[in-house]
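Lettered A, B, C and D in written order, each chain numbered from 1.
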Amino acid sequence: MTIIKKFQQTRQATEGLCAPLSIEDYVPQIVDYASPPKWHLAHTSWFFEEMILKKFLPGYREFDARFGFLFNSYYNHVGERLARSARGAITKPQVEDVYKYRQYINEHMLALLNNSPTAEVETLTTLGINHEQQHQELLLTDLKLTLGHNPIYPVYDESCNLVNDSNTESDFVEIQEGLYDIGFEGGDFHFDNESGSHKVYLNACQLSKAMVTNAEYLAFMEDGGYDNFQYWLDDGWHWLKENNIESPLYWHRQGNEWFYYTLAGLQPINPQAILSHVSFYEASAFASWKNMRLSTEFEWEIASKDFSWGKRWEWTNSAYLPYPGFKISKGAVGEYNGKFMINQMVLRGASVATAQGHSRPTYRNFFHPHLQWQYSGIRLAQ
Amino acid sequence: MTIIKKFQQTRQATEGLCAPLSIEDYVPQIVDYASPPKWHLAHTSWFFEEMILKKFLPGYREFDARFGFLFNSYYNHVGERLARSARGAITKPQVEDVYKYRQYINEHMLALLNNSPTAEVETLTTLGINHEQQHQELLLTDLKLTLGHNPIYPVYDESCNLVNDSNTESDFVEIQEGLYDIGFEGGDFHFDNESGSHKVYLNACQLSKAMVTNAEYLAFMEDGGYDNFQYWLDDGWHWLKENNIESPLYWHRQGNEWFYYTLAGLQPINPQAILSHVSFYEASAFASWKNMRLSTEFEWEIASKDFSWGKRWEWTNSAYLPYPGFKISKGAVGEYNGKFMINQMVLRGASVATAQGHSRPTYRNFFHPHLQWQYSGIRLAQ
Amino acid sequence: MTIIKKFQQTRQATEGLCAPLSIEDYVPQIVDYASPPKWHLAHTSWFFEEMILKKFLPGYREFDARFGFLFNSYYNHVGERLARSARGAITKPQVEDVYKYRQYINEHMLALLNNSPTAEVETLTTLGINHEQQHQELLLTDLKLTLGHNPIYPVYDESCNLVNDSNTESDFVEIQEGLYDIGFEGGDFHFDNESGSHKVYLNACQLSKAMVTNAEYLAFMEDGGYDNFQYWLDDGWHWLKENNIESPLYWHRQGNEWFYYTLAGLQPINPQAILSHVSFYEASAFASWKNMRLSTEFEWEIASKDFSWGKRWEWTNSAYLPYPGFKISKGAVGEYNGKFMINQMVLRGASVATAQGHSRPTYRNFFHPHLQWQYSGIRLAQ
Amino acid sequence: MTIIKKFQQTRQATEGLCAPLSIEDYVPQIVDYASPPKWHLAHTSWFFEEMILKKFLPGYREFDARFGFLFNSYYNHVGERLARSARGAITKPQVEDVYKYRQYINEHMLALLNNSPTAEVETLTTLGINHEQQHQELLLTDLKLTLGHNPIYPVYDESCNLVNDSNTESDFVEIQEGLYDIGFEGGDFHFDNESGSHKVYLNACQLSKAMVTNAEYLAFMEDGGYDNFQYWLDDGWHWLKENNIESPLYWHRQGNEWFYYTLAGLQPINPQAILSHVSFYEASAFASWKNMRLSTEFEWEIASKDFSWGKRWEWTNSAYLPYPGFKISKGAVGEYNGKFMINQMVLRGASVATAQGHSRPTYRNFFHPHLQWQYSGIRLAQ
């Protein structure tokens, strides 16, 4: 696919996700780590404007100087920015202004891309596309967080069935002890954090081809999993107690039955479906209860060619750290990944909310271990 | 004015306040004590539904059972309700649904009022009207709080000039020592907290006919008022330090000049205008710096016939406490006032955001002493 | 009694309270609002040094310049001071150094008092004595708070029986409607907050001669008093929920029985004993459950000549506010009372922990409404 | 050395550390993660009682059943325990009781060890000795934290010179790319977290033989290191801002000069001395400013045979995670290490506060990345 096509598809896909929304849905931010749809729409456009158009399109005139302030995220290099927790107060510019902004950026990007862009522009555009794909996923999961806190459980899309897929495989993948190459190799697009192919020595191990299901997790819950400190990491146990966590996110007990909030509304838990919306702490505790463990990100990368993946982000027991030789790029682009390499755990794979083709076996996602709002699940190893 | 006319005018006035809003503006809640416009629109309607229609209109069918849960406020008597801090997450029902709700309530209320309503219905309707007037004021001040936190300082209405009025009087009102009657007397509408005329003995004192202006308050600031503990109540000094308070709310220094955010946008401070958006702590510190004091609510009530008032809510040095013989009414209506009689200070008068005719000399408003978001000002006494 | 005698008795009484302590007991501070015994011993001495000796004893040499910093309290006028919450970290100076400090202050105060002191010195010495008496009470109640948080419930003094006294009277005192004189009149020692006799008009009312007992309060608890919002002020209900309050302070349920921690150790609740260690919120809720109310501080002052008092501090429904004509004194002495006149409720009477002769009918004590650590109780009015 | 000798030496060493203390110093706890000396003295004794004496000494009678509750730490397996933050309120048992407890434990342990102890008893005794050595270090660093918060900067021991040692080496150690054996091998004592020798593939790198000095760190500070986000991990930057961190712990600027609090009192910073009391965030930012990095724990383990270490705990860029095959032991002993394997970074080496012979090249210490209160320093790699 040409980069122009890819650019257009991605931009349209983001707006497609917003098709079922009313204006009201674009506005709220209910926790610091999640952002309003409006912000995602604008921020992904700002990225193209700031990183590409202002530098590479001759005579480009900024759409609105205030947008850089409002829709910058954590890019300290690019001047002052709105406190992350205040994104929900920004009623102006309105949703329609943000769509005009997107249109304006699209037109100028196309002008640039249609006019023999340099390799650097192509590289940055590809980065911008991948950046926007990441925000598509966040847009959906952040939106679910807002809607899921509404006690009337609003439907985003009746046919949106992101949590009910089942395993199609069983058994284990075996890894032999030995040296393996880890990390991305080659010229295709990849993020800096997966770059630098290097050798890692692995001990023999087995990874389950199937992921943990709701039924299996319910068995853990019914066996008192949330009441027994011995399965939990110490920080996890404190998190549990302080936040009264008793189930994965979005699970609600009504009488004797469990339901979950989905983007199609409240539904009875599907026992065969693959578990999602668990934190690393829960994943780790479940594995401990099973007398098994989570794989490392390296084991996962090697084994993943022998099982299907892509429905859930899979927590690994690897901390998010730099690969050998990792260097933070100069300037704002360098803020993309490196500065988050502390206190976060790596997830591998992709989820039902991930854009098609966005992930790959070397892809490294990462979140703080207490977060549940992604479609995150559990694959066991031993 | 007939009660029907009054009802219609009040309902229309609320919607009139929302005329300049875009849908986005109806949604955010940025602090616990302020609510989204959408919530005010719905809540004031719910009040008529819950307190009147469900009880007194034969065959009345609730508009939507879920609204009671979402748009109840602090009325614990009427079942479970949404946590106060979560009002900003309620994107559904949409704004248009809330307007349909208002319409539905209006039609049924008019049906009831047009059909020889009982005295009890008339009394409760008058209460509902006054309740809605209170929410008109909150709607405007809560909205200002949201807009005022947007770094692009959006304009609500170019012609909305609520902070720039000046004093029209000077000099002092004298009160002679003696016994005075305080509280509302007679059959007209009034709240339970002002009811029960009773005698209060006052010492001789003087109240300023003019309120403190921005220029006077600037003199306090320039004299180091915010840096000098001796002017401040102890709790006020801690509030100052913990929240880095250095000026009234909405004031911003740019270079050597002070500006304030108004509903017509950011403007240079008008020195002659009456000060607003100060907390009780600031009012008290200013008075102390002036070697004067705030009046009590009783002094204010007696003196107020001799000065003009109604532009700013005026902090008094009276704590909000029951009058002799005060009894909390049975049921939900009883939750209106009595349970807030702790940790709050009384304000007297009315402000530029108050509905015409809503207040009177015996009217008691009350807020926690650190709050600045009302059009609150200072009248000195000695 | 001569002032010298009074001074000596007071200083000795403070040390007498510490007689049962081990060195360890002098050190901890477990909440911001309570201080270690060592700090009380030193602070009361510092008061004499700072307010009297440094100004009036010719050639006086400060004991140790660092003590002013460490043992100042809220006297901002007298230079920088230790953060209130850090008092528990001060292991040096040691307890024995603090006793040496006391001895040094005593000797110099006696030198001053024996040498024809001026009226000003006498006045300030009397203030210092009363100040130290207040700290005697705090020393005991702060100590109880520390010991009471030790799960082995240590005994301070086997014979210390401060919570088990019963009512000796029943029936009600009647107050007739009319004008009354309130506040301290005359030349004897009194605090500035009770000064300025003035007229207050009271409506007719009745105050119970007996205070609420543990048995009566248990009836409230067993009737679901802590689970029923309608008895509670709104701020009180939030306080309850956030802090999981289910009983007065120091009460512990073991099986089906209630015990309380006393300075003589853990004991079964004595049903006939007068209730103590309730917050204003609890006092107010109990009164509401009884369909009665708390008296105002003015009613209490008038009625108190007709009942016995002095076992419990009695919460009134009066906010702590200045009397007419109240002026804050110049300098550090002026910080004594005035700056606390916000967010606190008045208690009248005295408690079993109060020094003999310290209180009087016009005496005004005051605390924030959520605090339970004083020997505070309930007298009902109607 | 026989185990009896080792046991006796260790027990005496702990008490030796307390020799300069007054009783007051044994009591305070000023942050959750630090404990009072008294608690360390008792807890290390409780470990022997709970893990050994109660199980292996026939007829052993517990010293005092309440001590298990008070002086347990995080051993959830052994019943309820005191909240970690409440250790500073425990004035009883007194210091002398804790010494009696130590004496009692010593006598019974010696009786057990003198009577042909089983291998299991010897193993657990060795664990208890190493556990107590760890608490010796904590006792000293926790004590420094308390004393260091006293504005009069008390001296623990005039001759205690733990922060002033300099580097004795310069230049770099080279590591060749290749496979290396990591982890403890053999029968000697070691902790479970370093057990399981396994292969790790390392890329070529260099580790500095010298550690970062105060002078080098001052250059970072003077170059605006604490004001420039680009050197900092994102979580580190937030930590900095929220806590107003502007220097290593215990550093105080007076005029134009920097001083640090040491256990010998306040001293001018010694520029040649090795830096200590930095958090991982500071170590990482400093390395970034130097355009270098921290080593991994594996690089450190291999390189450490070629440089001297043992003056500072050295932050590595490795997260604290299990080695291949790590299993948590059954029961309370299993709570020692495994449950902390999240959100912490590994430190290697030892510090001036570590007991002689306690550490070794495979030893893994670990703390949360914001903590500064250990003698932690920086060794750079590239």
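Throughout what follows, a residue touches a chain if its C-beta (ideal position, glycine included) is under 8 Å from a C-beta of that chain, and two chains touch if they have at least 3 such contacts.
Just so we're clear, the structure is a prediction, and the values are computed from it rather than from any experiment.
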item	value
Set of chains adjacent to chain A and to chain C	B, D
Listed chain pair A-D, B-C or A-B that repeats interface C-D [over half of contact pairs the same by residue number]	A-B
Computed distance of Cα centres, chain C from chain B, in Å	36
Separation of chain B from chain D, taking each centre as the mean of its C-alpha atoms, in whole Å	57
Length of the line joining the C-alpha centres of chain A and chain B, rounded to whole Å	44
Shared interface positions of chain D, touching two or more other chains	none
Chain A contact footprint on chain B (complex, rising order)	22-28, 30, 38, 66, 69-70, 82, 86, 88-95, 146-147, 149-152, 154
Complex interface listing, chain B residues touching chain C	74, 76-77, 179, 198-201, 203, 229-230, 232-237, 280-281, 284, 288, 317-319, 321-322, 324-325, 328, 339-343, 345, 369
